[in-house]
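Below are two complexes that have subunit A in common, paired first with subunit B and then with subunit C.
Coming up: the complex of A and B.
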C-alpha cells in the first residue's frame, strides 16, 4: 500500500505533467476557449442582452461551461490510450494517484475557463449583478462535481471499445443532477432566493463521485 | 511484510503460468524458478508469449492461469509494487512526445518517489549515452534514440529487477553494446530478464527460458 506522502508526490507529478502537456499541445484549451467565446458572442448578437431572463441566463452559463470543458475533460484518459502512453503512466504511478492528478488538472482547467468565460458572459449577456458569495460557491461546487464525475467516467471507459460514444452515453445521466442543481441555484441567487439546498446537493454529489473514484481507481486498467 | 535476512535479493517462481487473451493463448503453461543475481534470457518464436510473460513479471498483467510468486529479500513483492519498482523497457512503453527525454524521466522519477530525481535521471541518461539528446523532445527523436530513452527509464533508480523486452530493437551497434554492458553489469548483483530472439542478446543469459513449442522449458 502506498503511503500518503508517496501518493501525494505522485499526484503532484501527474498534475504537473498534465499541465506541461496541455501547455505544449493546447489540446483542450484552445478548442474550449474558441467554443465559449464563439457561443457567447453569437448568442449576444442574436438576442442581445437578457437582464430579466435569469432562467435563460443560468441555463446558458452552465451549457457553455459544460460544452467548452467537455472536449478536454472527456479525453483526459482517452489521450493516454490513443497516444499509447498508458503503460508508461501505469509504470510510474498508482491508478489512484493518476486519477487524482488528472482530477486536479480538470479542476484547474475548469477554473481557468471560468476566469475567462464568466466575466465575458456577464458583460455580453447583461445579467444582473450576482450575489457573489452564492454565485462563486455554486461555480466552485459545480466545478468540483463536474470534474469528479467526468474523471470517474473517463477512467472507467478509458480501455473500452467505442469509448467516445460511450462517454456521452454514460455521462448524460451522471451529469444531469449536477446541471439541474447548478442551473437552479444560479437562477435562485439572481432572484434573491436561498441556494442552500443546491449547494448541499452539489457538495454531496461531488463527495459521492470522489468517494466512488477512490474506491474504484485501484481496480482499473488491469489487462 | 518483513524481509528475511539471508534471503535472495529477488526470486521468481512460476507454476503452470499461462495467459489467455479472450480465447486466444497469450502464454502457454510455463514453469520456472529463477533468482538474483543473474541474467535470464526468455526466447521463443513470435506469438509464443515472451512479451506477455514480461508484462506479468512487471505487474502489468494478471495471469489467467497458474501462479507466479515474486519475493524480494524473502518478502512477497506484489504486482502493484513491482509495477512501480521494477525496471521495465518494452516496445509497449511510449514516452510523451511533447516532453523532452529529461522531462519524461524526471516525471517518472518524481512520480515513483525516487530520491534525488535529477541525479537519478542524469545517471540513467549517462548510462545509455543519451546525454547529448536529453533536451530533445521524444517526438523528434529517431526510433533508436527513443529506444535508448525507454531503456534509460528502465534503469532509473537502479531497480532490483530489470525486465528488458527486445532491448536491442532499433539500436545500432553502439546501442547494442551499451545494452550488453549494462545488462551484464547489473546481472552481477541483480536480476536481469531479457526477452529476445536475437542470439547476441540471449547468449548473454546464464539461463534460458524457451517458450518454443507452446510450453516453456527451462534450459
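Coming up: the complex of A and C.
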C-alpha cells in the first residue's frame, strides 16, 4: 500500500495531467459550455422570465446544471478508454489515486461551468436576488456530491459498450437524492427559509459517495 | 412438484378468501382488497433488491460467478414485481386519490427502485465478458444501495404521504383498524408471494447456469 504522501502526489499528478490534456484541445470544456448555454437558452426561451416562481426557478436551475454535468463528466474516463491510455495510467498510479485526481478535475470542471451558467441563468430568468451565503453553499456542496457520484459512475460506464448513451440513464438514479435536496434547498433560500437540513444532506451524501468510491474503485479496475 | 401444487393451492385459496371472507376497511371500501396483491408485490420487490445487493457484495468479496447468477436473477424478478406493485398501486391511486400518478413519496421511491433496477440491467446488457459484467454490475449495485437510504430520507421532507400504510397495520385506529380476517389473508399472501419469488429465483438461476454452460 502506498503511503499517504505518494498517494497525494499521484492524485496531484493525475489532476495536472487532466488539466493539461484538457487545455490542449479544450474539447470537453467547449462541448460542455456549448451544451449548457444551449440548454439554458432553450429553457429561457420556452418559459420566459419567472420573477416570482421560486419553485420553477430552483427546479430549472438544477435541471440545467444536471444535464450540463451529465453531458460532460464521464468524459475523463471515456477519453482514457478511447485513447487506449488507461492501462498506461494504471501502471503509474493506483486506481484510487486516478479516481481522486479525476474527481478533483471534474469538480474544477463543474466550478467553471457554474461560473458561466449561474450568473447567466439569474440574468435570463429574472429571478429574485438569492441569499448568497446559502445559495453558494448549496451550489458548492451540490457540486461536490454531483462530482463524487458521477466520477464513480463514469469510471464504471467507461468500461461498458454503451458508454455515453448509458451514462445519463445509469447516473440519474444515483443523482436523484442530490437533485431533490438541492432543488428544495434552493427554493427554500429564495423564500427566506433555513437550508441547514438540505446542506447536511448534501454533505452526508457527498461523504457517503466518496467513501463508497474509495472502497469500490479497486474493484472497478482489476483484470 | 408437491411444493408447486401446494403453493398454487395456497395462493388460490388466499385469493378467494380475500374476495369473499375478508371484510373491507371503511373509507377504502372495495379498494381494500388491493393490499393482498400490491403490498406483497412491494415486499417481494424489497426482498429481491436486498437479495441482489447482498449477492453483489458477496461477488466482489469472493469472485464466484454463482453470486452473480443470484444477483442477476433476483434483479430481473425484482423488476417484474416492482412493475406489478407500481401498476396495482397506480390503479388504486386512481380509484382512491383520483389520479394515476402524483409523486406521493411512495410513488417516488418505487419509481426510483424501477430506475435502479433498469440501470442495473442496462449495465449487464452492455458488457459481454461474464467476469467483467459481474464486477461492474456488482459495483453499481453497491453504489445504488448508498443512494437508497438518502432517498428514503429526502423525499418525505419534500412531500407528505397520503399512502394508507400508517393506518392499516396499527389496528387500533378509530377509522376501523385492520380486521383480523384481513390480517390473516394479508400475511398468507405475503408468505405465498415470498415463496413464489424464491421458487422463480431458483428456476431463473438454473436457466442462467444452463445458458452459460451451453455457451461455453
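The definition used in the following text is that the second predicted complex is superposed on the first by the 213 of 223 C-alpha atoms of A that agree within 3 Å, B and C clash if a C-alpha of one lies under 4 Å from a C-alpha of the other, contacts with A are read in each partner's own complex, and residues count from 1 in each chain.
Heads up, the rule we're going with is that a residue touches a chain if its C-beta (ideal position, glycine included) is under 8 Å from a C-beta of that chain, and two chains touch if they have at least 3 such contacts.
Bear in mind the structure is a predicted one, so any value in this text is a computation, not a measurement.
Once the two complexes are overlaid on the shared chain, A:83 sits against subunit B while remaining clear of subunit C. Contact with subunit C, but none with subunit B, is seen for A:197 once the two complexes are overlaid on the shared chain.
Of the two partner chains placed by superposition, only subunit C is touched by A:170; subunit B is not. By the touch criterion defined above, A:13 reaches subunit B but does not reach subunit C. Residues 222-223 of subunit A lie at the contact with subunit B in one complex and at the contact with subunit C in the other. If you check the complex, the residues on subunit A that touch subunit C are 149, 152-153, 156-157, 159-162, 166, 169-170, 172-174, 176-177, 180-181, 184, 197, 201, 204-205, 208-209, 212, 215-216, 219-220, 222-223. Interface of subunit B with subunit A (complex): residues 55, 58, 60-62, 80, 83-84, 88, 90, 92-99, 103-104, 107-108, 110-113, 153. By the touch criterion stated above, subunit A contacts subunit B in their complex at residues 5-6, 9-10, 12-14, 16-17, 20-21, 24-25, 83-85, 87-88, 90-94, 97, 218, 222-223. Those residues of subunit C that touch subunit A in the complex are listed here as 60, 112, 115-116, 118-119, 122-123, 126-128, 131-132, 135-136, 138-140, 142-144, 146-147, 150-151, 153-155, 157-158.
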